[in-house]
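In the two complexes below, chain A is the common chain; its partner is chain B in one and chain C in the other.
Then we have the complex of A and B:
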């Protein structure tokens, strides 16, 4: 899977990078299974994956286009890479007009629309909103920043803000249908700052670029450091809100055993996406927004929190449920991440040997 | 026959009007969490405001004989101001919690009285501001209305156009069926506020564009367009 089905590379640097990525991914999985700590090792690989994604993506763009800037020509020719953030915005216009409102390619080239849709659909069926902690290539960035500080500076966040991602989802779905353009990508995506952005040829595009960078600094760097939570994922991302709906039909969930629970609320305090509250502790169920990261499971001193397969008895064979979940979840993380990690290691090796990350 | 044309124009382009108004109406109706019957009343306030906006344009069309609106700079400037007014209204509604300030005493009573009136005023104001939206079908109607000889004919033409477009709004009242889902209320309210932020961007960008088009000579704009189209390898329609 790491080779992407194309066999081992002939270039020695690429082969070295691939072997290093293989050892890293398998080593982390081995430790995850062995130590019974899901989040500890997941987060490590998830953050590496996100950082490597940025390195690989930008290097590829610079190699192909000469810069991170996407021009009008690239858009007209459908050379814009498609990312999963666009999915909620394309559904209504596709149903009404039979058109994908994104300047990308359906099947050809890097990050084609069809490839991304198939990956997302598969992950949604298997993981539900687990996508956001096991497959999303952006999530690791704010997760990484949320783990920098030892203690949170901002502790109390009004619960009403947990509805904001759903509100933004509603707004972008309606405005995209009205304007037949992906409004989130045009105005709100913080990750444009670390992927690609439009050529600044007008004051409107300048304003949009300022917004992208401000949102990135605010939501992905500053607030996660201050709150020790994944603010972008938990309080802003409309794709996350959309993905929450898939938790309804997904068989995996996180449950709290009321008999073991000491009501210490440590799980509530540590949940990075605000998916546990006092009501969840009482009812024993996480909220619909749970990303199945496993942080609450790792942090519970009484082992009252566990992965659970819907329809099976609670508190029985929780290690089996964990393994049944982490095998497919980790597989997605490895499939999505291996190419990025290999790519980033290769770029680092290239830099070390030739003095440039670009071929 | 003239009014029939207005009605058919509205009927043919009503989906465009719905597309422009639904982003405001849907979150607003969700946030109010009223039943279907009550939603009809809210919708009637909204549509009344929109009708008022249409009549304002009917008068303008008759007085100016289209010249003001045909000027690109004026058109975008008006639109920008309308967007900003709409944005302020949406943000106040979406982000300021009216219940929070409802303390007892004189202020509380006054606030409650205001709230009762505000229930009718807000959708009407939203309707008025979206009614002033210069979307393409509306401009078509505007041009047709301006060709009418009297003010009365102009107003009747816009009334016919309004009735034609309003047909498409009635299904939105079905949002009332979801009112028992409590979580939809804060989502709707925050969505209204977020939409306000979106329209603020839009308003400023639109005004900035109109100022830009006033200051840049037409020849420069033509040359810029030619350069851009050349880069896209497309023929320039202006040459």
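Then we have the complex of A and C:
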């Protein structure tokens, strides 16, 4: 799975990087299974995955294109890698015109539209919004920053903000359908700052670039540090809001056993995506936005919070439900992350041996 | 009944691992199936659309695309027309001067003069449907130009 079915690499540096990634990923999984701590080890690998994604992605871009800049030529040729953030915006135009409003390739090259759609469909069936904590290659960035401070500086965040991603989702779906272009990518995506962006050739592109960097600094770095929450994922990301809808049919969920719950609300305070509130504690169910990260489960002193398989009795087979969930979830994270982690270790080894991360 | 429901739910949950394996191992197969079964294509606003005709010249060929006016429902008033010049050998001739009839009505709509050394492009419009010269792109030895078009209200209704 880690080699993508292509066999072991012949380059010794690449082989070393792959072995190191293999040991790291398997070590983290054994610790997750043995320690009964899901989020502690998931978070570690998730953050490593996101950082390695940025390193690998930028290095590959610089190697192939010479910079992080995506040109009109790249777009016309369909050389833009497809990103899952586009998915909510392509659905209406795809349904009505049978076309994908993204300058990528349907089947050819890196991150082709078809393969990314298959990955997303598979993840949505298996994980629901668990995608956001087990598969998304951006989520680990604000998760990493949200874990830097020991205590939050900003504690009280109005619950109304949790509806903002749904409002942004509605706006971008409508504007993308009207303009036949992915408006979130053009104007609001903070992760353009660490992936690729257009060459500044007009005042409009300059404004867009300023917005990307400002949102990245604000939503992915500063606010997560100040609040200890995943602000971009919980209060802004329209893909997360869209993915929440898949939680409706997903078999896995997070439940609170009212008989064990001591009403301490520690789970509410620690939930990184604002998916638990007092009402959730009373009803025993997480909100639709739950990303199944497991932080509330790890933090509950009474073990009242647990992964649960819908349709099965609550409070029975606590560990079995956790294992049945973490095997496919971790497998997704491991396979998605292994290429990025191997790539980043390889770049680091290349830097150490040749003085450059670029071949 | 409750017991049966529990068993079914556990079985469905246990199917998650084979589903993940099927997703990754069969990714290319599923992707090809998805694309062929749905007939999805990249939007002509990104690709330039379908090639309408090819004109062979001594040193190069001109690929003429269908004008793109595609809207979400029906057609838009504003669109564009893409032309691609590809060399037969290593390079394009120094000067290219061609006239185009984008709506195939038998009358020339605009003329393009392209200097492939300086990459200067000049557009001469013969009608009010032709708005301006859009992007001019250099792809190795090829050149691509997009010409912004606007349909008349009568054309749009038809």
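Things worth noting here:
Heads up, the rule we're going with is that the second predicted complex is superposed on the first by the 359 of 359 C-alpha atoms of A that agree within 3 Å, B and C clash if a C-alpha of one lies under 4 Å from a C-alpha of the other, contacts with A are read in each partner's own complex, and residues count from 1 in each chain.
Here is the rule we use: a residue touches a chain if its C-beta (ideal position, glycine included) is under 8 Å from a C-beta of that chain, and two chains touch if they have at least 3 such contacts.
Keep in mind the model is a prediction, meaning the values are calculated, not measured.
In the superposition on chain A, no contact is made by A:303 with either chain B or chain C. By the touch criterion defined above, A:204 reaches chain B but does not reach chain C. By the touch criterion defined above, A:168 lies against chain B but remains apart from chain C after alignment on the C-alpha atoms of chain A.
Touch counts on chain A: comparing chain C and chain B, the chain ahead is C.
By the touch criterion stated above, A:354 is placed in contact with neither chain B nor chain C.
Within the superposed three-chain model, A:183 lies in touch with chain B and out of touch with chain C [touch as defined at top]. By the document's definition of touching, of the two partners only chain C reaches A:125; chain B does not.
Legend: residue contacts after superposition of the two complexes on their common chain; A:98 is shown touching chain C, with no touch to chain B. By the touch criterion defined above, A:76 reaches both chain B and chain C. By the document's definition of touching, of the two partners only chain B reaches A:160; chain C does not. 72-73, 76, 177-178 are the residues of chain A that lie in the contact sets of both chain B and chain C, per the superposition on chain A.
Residue ranges of chain B in contact with chain A, taken from their complex: 19-20, 22-23, 26-27, 30, 183, 186-191, 193-195, 198, 201, 204-205, 208-209, 212, 228, 231-232.
Chain A meets chain C in the complex at residues 1, 5, 72-73, 75-78, 92-94, 96-107, 112-115, 117-119, 121-123, 125-126, 177-178, 180-181, 251-252, 309-313, 321, 324-325, 327-328, 331-332, 335. Partner chain A is touched in their complex by these residues of chain C: 5-6, 8-10, 12-14, 16-17, 19-25, 27-28, 30-32, 34-35, 38-48, 70-73, 135, 137-139, 144. Residues 72-73, 76, 160, 163-164, 166-168, 170-171, 174-175, 177-178, 183, 187, 203-204, 207, 211 of chain A are the ones that touch chain B when the two sit in their complex.
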